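Structures incoming, each one as structure tokens.
In what comes next, chain A is part of two complexes: it sits with chain B in the first one and with chain C in the second one.
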Partner chain A sequence: MSPLLDVNDLRMTFRGGVRAVDGVSFSVRQGETLGLVGESGCGKSTTGRMIVRLLEPSGGQVTFDGRDITHVSRRRLLPLRGDLQMVFQDPFTSLNPRRTAAQIISGPRRLLDRDGTIALLERVGLGAEHADRYPHEFSGGQAQRIGIARALASRPKLVICDEPVSALDVSIQAQIVNLLRKLQEEEGLAYVFIAHDLSVVAHMCDRVAVMYLGRIVEIGDRKTVYADPAHPYTRALVSAVPLPDPDLEQDRERIVLLGDPPNPASPPAGCTFNPRCAKAQNICRQEAPVLRLVRGRQAACHFPD
Partner chain B sequence: MTALLQVTDLRVTFAAGTAVDGVSFTAHQGRTLGIVGESGSGKSVSSLAVMGLHRNAIVEGSIVFDGEELVGASPSRLRALRGSRMSMIFQDPLSSLHPYYTVGEQIAEGYRLHAKASRRAARERAVEMLADVGIPSPRARVADYPHQFSGGMRQRVMIAMALVCEPDLLIADEPTTALDVTIQAQILELIKKIQEERGVAVIMITHDLGVVARVADEVMVMYGGAPVEHAPARQVFKTPGHPYTRGLLDSIPRHDLGGGGPLQAIPGSPPSLLTPPQGCRFHPRCPIYARASAEICATERPAFIAGLACHYPGAAT
Partner chain C sequence: MATTPSTRSGRSPGRIAFDRLKRDPAALFGASIVAVFVAVALGAPLLTALSGWDVQTFDKSAIDRSLGGVPYGDLGGIGAEHWLGVEPGTGRDVFARIVYGARVSLLISVAATAVTVVAGTVIGLVAGYVGGRTDTILCRVMDLVMSFPSLIFMLALLSVAPDANRVLLLIAIMSMFSWPYVGRIVRGQALSLKHQEFVDAARVGGGRAAHILFKEMLPNITGPILVYTTLAIPANIGTEAALSFLGVGVRPPTPSWGQMLDDSLKWYQVVPSYFIVPSVCLFLTVLAFTLLGDALRDALDPRGTNA
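Moving on, here comes the complex of A and B:
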């Protein structure tokens, strides 16, 4: 079966030559969740925005449901919009403050009638009493539920979730993660789940791609990647996440990376991770590694663990 | 062990409502108290009250710092203590640093004021502090402006600024929340190292239970403006006594446990401080109340006894 979404060598170069995304390839099957993780500036959100064409890619190809949509005109894109939706990080800035929840959900194209809107509100854990309220009357978690309902109104096949829970309190995060999982089961949705929080991604995705400075450095099954990372950056990232258990925190081996991620406007030669990598050799400073199969997943490293 | 800071029955009231309603805690030299809570729990307001940084707020109760009562102390007395004997670092280093002054000037300012040092001595001190917090080539960077530093480096500058007068108490309010996880690890290591070297008392305020597990000796969990549980860190994590603590721990996604499954969420949302629920503030979301539907939870606010504010202590574990 051909994948629902196929991203091939996607590139985004902003003015000034900043290569925010520098040759990213992955695919997503129907009903599957791919996690896209990385730190700020790694290009994960830019990648998501190019897939839904909020940004025009500088290079590469996006194939959705068998059609090349990389440079499709706005008019041709419109019918596809229903199949390809997005949920944003900040529910308040992404909801129109002058529209009621019902208006937001049914959208300018009036996708749903009143009953349909209320049914959808109920499916995301709200109710008829919320239909005529405005965004400012909702809490952050409720507003995010409306953002999710809006995305689902057109019965999409793929939803790009860009940090959908990172603005929410811990107790609310879990509610939204569970809601997204439930909706996926009911609808057979596929997600691209973009987040900086590795733990949240672990609960959402089947496969995970780790990005660093515009490139995927490791991609594979969630369990394989988390349990035994092959790329030194993934290893450091996994070990840096604080765990809510003082005993584990005391005993675990922690890799503290030196320095900051480099400036994407002037990336280091060779492997872009080499200035922060404990294993860097001469070849790492000269030659950029490409993704290759390492113990059941793909990793871009000259000396994988 | 005598307490460096003793806060007793603190109440902070704004025109809009009471943000902190009966908070007590102590901070000891060389130890870290973690204060955890979600937005609106009152964790930041409590610490700002300790620093005397509230305007237009009524602060009641008692805040005793090294034997001296700070509630009702004069603004000039608080100014003399702030930055010299107690300091604070904030979540967002960029908005806490002045964009028009070099980081050296900003670090030196407090030192010149409190230690009455000369301009030159203060500048030397700033270079020394930048080196201490791990900024490479400090002598060159002391003349740079905040925008020339990365987020993690700015937080190091903030820490240098807070420590320049060798305070006894350091309050860190979400110091790593705006930072990436690899940078967070660096900053937490730095705070730990500084504490070991200088023996400062640290109050770490955060929403992240993982951060608390990494750094805190003792943990106070806040909900709706008041503490619900306060105990040694290990106890809070291993045998939480309050249903909110239990719920919070269960709702955290854990990548190390394999992930994949659904999370145990707490239903509902945190209370509004303007219209807090009657009785126990957690009862509308509480599984014990839902199960037993005990009337007392809905009518009577539980007293804080033996580190726990719950009518059914022990039922959560």
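Moving on, here comes the complex of A and C:
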């Protein structure tokens, strides 16, 4: 079966030569969740925005449901819009303050009638009494539920979740993650779940792609990647995930990355991770590693662990 | 928790501003004067029927022809017969000319403001949202228009323009020079709004450009536009009066406050009331609209207190 979403060598170069996304490839099957993780500025949000065509890719290809949507016009994209939706990071700026919850949910194309809106509100854990309220009357968690309801109004097949919980309190994060999982089971949705926090991704995803400076450095099964990371960057990220057991938490070794990610306008030669990598050798400064199979997942490292 | 009606759910941001406005004495004062003048302008035929004198009737019995037309009686003939006196030289009723003048002043200034605001808003929204080359071109055009010394150009244009419909001509020329001011404000707001995620969300939802511009973005900038509108109306009343005063505004016999002021200059030593009446009317309307505009700006300020 062909995948629902296939992203091939996607590139985004902003004005001034900043290569925000530099050749990213992955695919998402129906009903599956792919986590896209990395530090801020690594290009994960840009990737998500290119998939829903909020940004025009500078290169590469996005195939959705068997059709190349990389550069199709707004009108040709319209029939697919319903199948491809997005949940945004900031629950407040993503809701228009001058529109009621019901207006927001049924969207520009007025997809739902009153009953449909209320039914959807109930499915995301809100009620009919919320339909006529304005965004400023909601809490962050409630506002994000409305953002999720809006994405679901058109019964999509794939939802890009762009850090949907990172602006919320930790206690609310779990509720929203559980809601997203429940909806996934009910609807057979596929998610691309963008996050900078591996512990959130751990609860959500079937597969994980770790991005660094516009490229995927490791991609594979969540269990494989988490249990035994191959790329030193992934290893550092995984070591930062808090463990529930306090004894284990105390004893384990943390890998602290030094420095900041390099400027994407002038990335270092060779492996872009080499200035922060403990294992960097001469070859790392000269030759960029490509993704290759390492113990059941793909990693881009000359010296995988 | 106690819920008073004003904190009930579903209170839109516009509603909140309106509730604040209702508690502001300056706003109430301004609004009531504006209401009086609007009522006067709308009910002009009724009011002149009540006072018994229409705009064009010459009352020869009210002026002393041997003195060149000075009105009989004190204060320019103010009394039971002519409520605000008569026009020196002709004997026309000043009250009638004031109420019909209010029609002309308000019609021209409100219409010119409406054209200005609509044109400026649409152009500003498009420039801000579309960006790129469209934005550059529209901005240069706005700069160009704003760099004209507008009063001089209005005088020149109005002097050479054909005398077909003076009111329409005034509206067109006044708005021609003022739309870029709205355009600038709206463009700036549109620029910051278009990067908000709710605009992205509308695009992902398949919204067409018209929906995004007028349903998503415009409702978020009604505040500044409304404030500009209420402040532009008094400015336009002033401009219309100035143009009529300078002799290029509405043509007699159509009455206008500016024209009356111009006429009164010839008589101000003998009949000061003829000068005072239109001045007070101009002053009051301009003051009222300005108060209302200022109050509106405060009411719409999200950082304002007692929401």
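In this text, the second predicted complex is superposed on the first by the 298 of 305 C-alpha atoms of A that agree within 3 Å, B and C clash if a C-alpha of one lies under 4 Å from a C-alpha of the other, contacts with A are read in each partner's own complex, and residues count from 1 in each chain.
As a working rule, contacts are C-beta pairs under 8 Å (C-beta built on N, C-alpha and C of every residue); 3 or more make two chains touch, one makes a residue touch a chain.
Computed from a predicted model, the values in this text were never measured in an experiment.
With the two structures aligned on chain A, chain B fits next to chain C without clashing.
Touch counts on chain A: comparing chain C and chain B, the chain ahead is B. Of the two partner chains placed around the shared chain by superposition, chain C is the only one that A:96 touches, whereas chain B remains out of contact. Once the two complexes are overlaid on the shared chain, A:186 sits clear of chain B and of chain C alike. In the superposition on chain A, A:136 makes contact with chain C only, not with chain B. Seen from the Cα centre of chain A, chain B and chain C lie 80° apart once the structures are superposed, a value rounded to the nearest 10. In the superposition on chain A, A:54 makes contact with chain C only, not with chain B.
In the superposed model, A:203 makes contact with chain B only, not with chain C. Once the two complexes are laid over each other on the shared chain, residue contacts for A:81 go to chain C alone; chain B is not touched. When the shared chain is aligned, chain B comes close enough to touch A:243, but chain C does not.
In the superposed pair of complexes, A:122 makes contact with neither chain B nor chain C. Distance between chain B and chain C in the overlay is 6 Å (nearest C-alpha pair, rounded to whole angstrom).
When both complexes are aligned on chain A by C-alpha atoms, no chain A residue touches chain B in the first and chain C in the second. Remark: chain C residues 9-14, 196-198, 200-208, 211-212, 215-216, 219-220 touch chain A in the complex. Across the interface of their complex, chain B is touched by residues 39-40, 139-142, 169-175, 177-178, 181-182, 196-203, 222-223, 226-227, 236-238, 240-249, 254, 256-257, 260-261 of chain A. Residues of chain B that touch chain A in their complex: 38-39, 150-153, 180-186, 188-189, 207-214, 216, 233-234, 237-238, 247-249, 251-256, 258-267, 269-270, 285. Per the touch definition, chain A reaches chain C in the complex via residues 49, 52, 54, 74, 78, 81-82, 84-86, 88-90, 93-100, 107-109, 129, 132-134, 136-137, 147, 150, 154.
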